[in-house]
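One chain, chain A, appears in both complexes that follow, with chain B as partner in the first and chain C in the second.
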Partner chain A sequence: MNAKIRELLGKLANLPVAVDTLSNEADLYTAGLSSFASVQLMLGIEDAFEIEFPDHLLNRKSFQSIAAIEATVAQILASSEAA
Partner chain B sequence: MNIAAPVISDSFARRAARVAEVAARHAAAVDAEGRFPREAVAAMKAERLLGIQVPVSEGGEGATFADIAELCSVISQSCASSSMIFAMHHIKLSSLVEHGFESPWHQAFMRRVAAEQLLLGSATTEGGIGGNLRNSICAIEIENGRCRLEKDATVISYGAEADAILITSRAHKDAAPSDQVMTVFLKDQYSLERTHVWDTLGMRGTCSDGFLFKGEAPAEQVFPKPFAEIAAQSMLAASHLLWSGVWYGIAADAVARSQAFVRAAARKSPGQTPPGALRLAEISAKLQLVKSNVVAGLKTYQEARHDEEKLSSMAFAVAMNNIKICSSEMILEIINGAMLICGIMGYKNGTPFSIGRHLRDAHSAQLMISNDRIYTNTSSMLLVHKQDTSLLG
Partner chain C sequence: MDMQVSFLDRLFESGLLIDTGVDGLYGRSGQFEDVIAAFERLIDRTGGPDGAEAIRFPPGMNRAYFEASGYMKSFPQLAGTVHSFCGCELDHISLLKCMEDGQDWTKGQEATDIVLTPAACYPLYPTIARRGAIRDEGQLYDLQSYCFRHEPSKDPARQQLFRMREYVFMGPEAEVMAFRQRWMDRGTEMMRSVGLDVHIDVANDPFFGRAGKMLVNNQRDQNLKFELLIPITSVEKPTACMSFNYHQDQFGVKWGLKFRNDTPVHTACVGFGLERIALALFHTHGLDVKEWPDEVRQVLWG
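Moving on to the complex of A and B:
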């Protein structure tokens, strides 16, 4: 999942820095993630993992870092399996 | 007798009414000369309205956004420029109140604002950023406990009159444009060199000149919280809600004037409905829409206020954007309707039915944070955010 998220970040997030220079915990907003790019990233992740982000997870915190995105995606996948 | 709460809110209203009276006396001159409404702002200070948002524990009166929006509306019915200055001051103060408790300097400064009735200005606009306040070009330099900043601020409303300026910049010289901080500079810590003069269609009294800002201060005056979070969690909501309070007030006064016009006509010809009466009914419905919209927004904010997650959610951002769009667009229709009702008496300056200043002031609403930019921002969020379709939710 980490590799896929990094690939999508590189393709969609339009960051001024290379994705492989970012640690899993690095703050993506500090790295230059704009609100428009974060939406593009969300759409890409929804498509790649065949999920939909529920509204309560559509906030800055869910997309603050690669690790946060992983946790968010894992949480949605787990709850869709449980359902 | 337990009447504490009503007495406090009544006293806000009474104090604002006295400010509005002063503002009304000078509104035409402020507009014609494009000058700072010094009498109205002095009255705000004398009535101690500049510190009301500060919590009681810090020497203020703990006024909510709803309280302040109501005062914006009252003052705006006399002079929209004075009211906009009051709103902008409180938008800056909201950043301190909501995010200032994390640092002793900001907490102490909050107390000073309440005690000394300091007027806070804002410098978020910069030449070259294309109007997007979430980007900066200039960067703050921090060295040996001091911070230094130079900014080509193309707009600083009442910059020359403010007692302190809250200014945004990149967090350091290598930071991305969106990695911003906000810093408080006191009047004796900066110099302003005027670069643009505010000679505009309306809102002429806000004196939003452009300046080259040069400041130096102790580094502790930089807010510890990133500006992106301050903007998302309090500043954008405060702006849209308090501005909407100002705009509602402009429209409400235009409706009141046109209603007086229709009533005078009705008294002159008993038994006949004056031609403007139908249109008055139409703009009264639209004014009610604006009012309901602003009141609902204030309630949404109040409910989310202590929930950081809710405040930084897309649902909240979309709701606040929609409030700004609705009130800024709708007031133009309302005021235009009022102008049609009052006819030439509305078009002329200096009559009891003049609507010209209202219409000119109201035209600023769609431009201060351009509605096109807000629509673009909302449209991007709607690609992932699903609108809440419940009526009361």
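Moving on to the complex of A and C:
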């Protein structure tokens, strides 16, 4: 999942730095992730993982870092399996 | 809804607003305009000493600037573009035939270089960017324009063509934040001085679609937008009569608004919805200005 998220980040987030230089915990907003890029990323992740972000997870925190995105996606996948 | 229709009907009956047959597109009487002029003088008295540079743009903006602003990413549903007939004589004949037959004659209209201004400050940023570097202490502007938003409604406080008076400050982050806070305090004081019951709350713009939900959450989480609310057509859902928007360095980066040392400026804008304020006054004090409380008349007309 980490590799897929990194790939989407590279493709959609339009960051001024290379994704490989970012640690899993690096703050993506500090790295230059804009509001619009985070929306593109959100839509790309939904498409790639065939999930839908519930409204309460559509916020900055969910996209703060690669680790945060991973945790959010894992949480959505787990809740869709439970349902 | 009934309450909204009835206030609108009363405004029509009194002649303050004039029905055009399109929801949200109204004429204004001399009396209505006089209230707006008086309130603008109050704004001038309050903000004038700050020494803003006044600029007035017409209610249309350069389409290239509009496209670069990203407005269509966020609010495609609200935008209004100006289209014109650009055909030859033969096309003209087809156009007239089409109109005569009651068919859609607008399909052949072509986009012009003009888009209706969605907020008074939109044409400002690229204009100032063209002038060169921003002074270290920041720069302040005073704007007023008719603005267009495509949201037909029976609520007289939600018009499609309305005036927005704005102050825009471009400068260092701390000064920009202080500018916004100063106007939140001033706005509250101004509205109280004319007998309006107000409160300020965190707010968001009407971003389009599901992606918009995320932008709404981002905007609210970061306290980027506040509104000064006054009950007009509803007490539960009071109307935003002023807004206080902090753009961080987003516009500085987008438009290349930079200090001499090449770092992008931060910006904030403070907007007065002039029709909404006039409507709040008419709704609160009655449709006949001669009957308004003396202290309110004193503040507005001296």
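Criterion: the second predicted complex is superposed on the first by the 83 of 83 C-alpha atoms of A that agree within 3 Å, B and C clash if a C-alpha of one lies under 4 Å from a C-alpha of the other, contacts with A are read in each partner's own complex, and residues count from 1 in each chain.
Basically, a contact is a pair of C-beta atoms (placed from the backbone, for glycine too) under 8 Å apart; a residue touches a chain by one contact, two chains touch by 3 or more.
What you see is a predicted model, and the numbers here were worked out from it, not measured in a lab.
Undergrad: Quick one: is A:59 in contact with chain B, with chain C, with both, or with neither? Answer first, second, both or neither.
TA: both
Undergrad: Which one hits more chain A residues, chain B or chain C?
TA: Comparing touch counts on chain A for chain B and chain C gives B.
Undergrad: Using the superposition on chain A described above, determine whether A:74 touches chain B (first), chain C (second), both, or neither.
TA: Once the two structures are laid over each other on A, A:74 reaches no partner at all.
Undergrad: Touch check for A:39: first (chain B), second (chain C), both, or neither?
TA: Both chain B and chain C are touched by A:39.
Undergrad: Which holds for A:16: it touches chain B only (first), chain C only (second), both, or neither?
TA: first
Undergrad: Figure out whether A:30 sits in contact with chain B (first) or chain C (second), or with both, or with neither.
TA: first
Undergrad: Determine where on chain A the residues touched by chain B overlap those touched by chain C, and list them.
TA: Residues 34-36, 39, 42-43, 53, 55, 58-61 of chain A touch both chain B and chain C.
Undergrad: Applying the document's contact rule, which stretches of chain B touch chain A when the two form their complex?
TA: 134, 171, 175-179, 226, 228-229, 232, 309, 312-315, 377, 380-381, 383-386, 388
Undergrad: Quick one: which bits of chain A touch chain C in the complex? Just the residue numbers, please.
TA: My answer: residues 34-36, 38-39, 42-43, 53, 55, 58-61.
Undergrad: Quick one: which bits of chain A touch chain B in the complex? Just the residue numbers, please.
TA: 16, 29-36, 39, 42-43, 46, 53, 55-56, 58-61
Undergrad: Flag every residue of chain C that touches chain A in the complex, lowest number first.
TA: Interface residues on chain C, with respect to chain A: 70, 73, 211, 213-215, 217-218, 221-222, 250.
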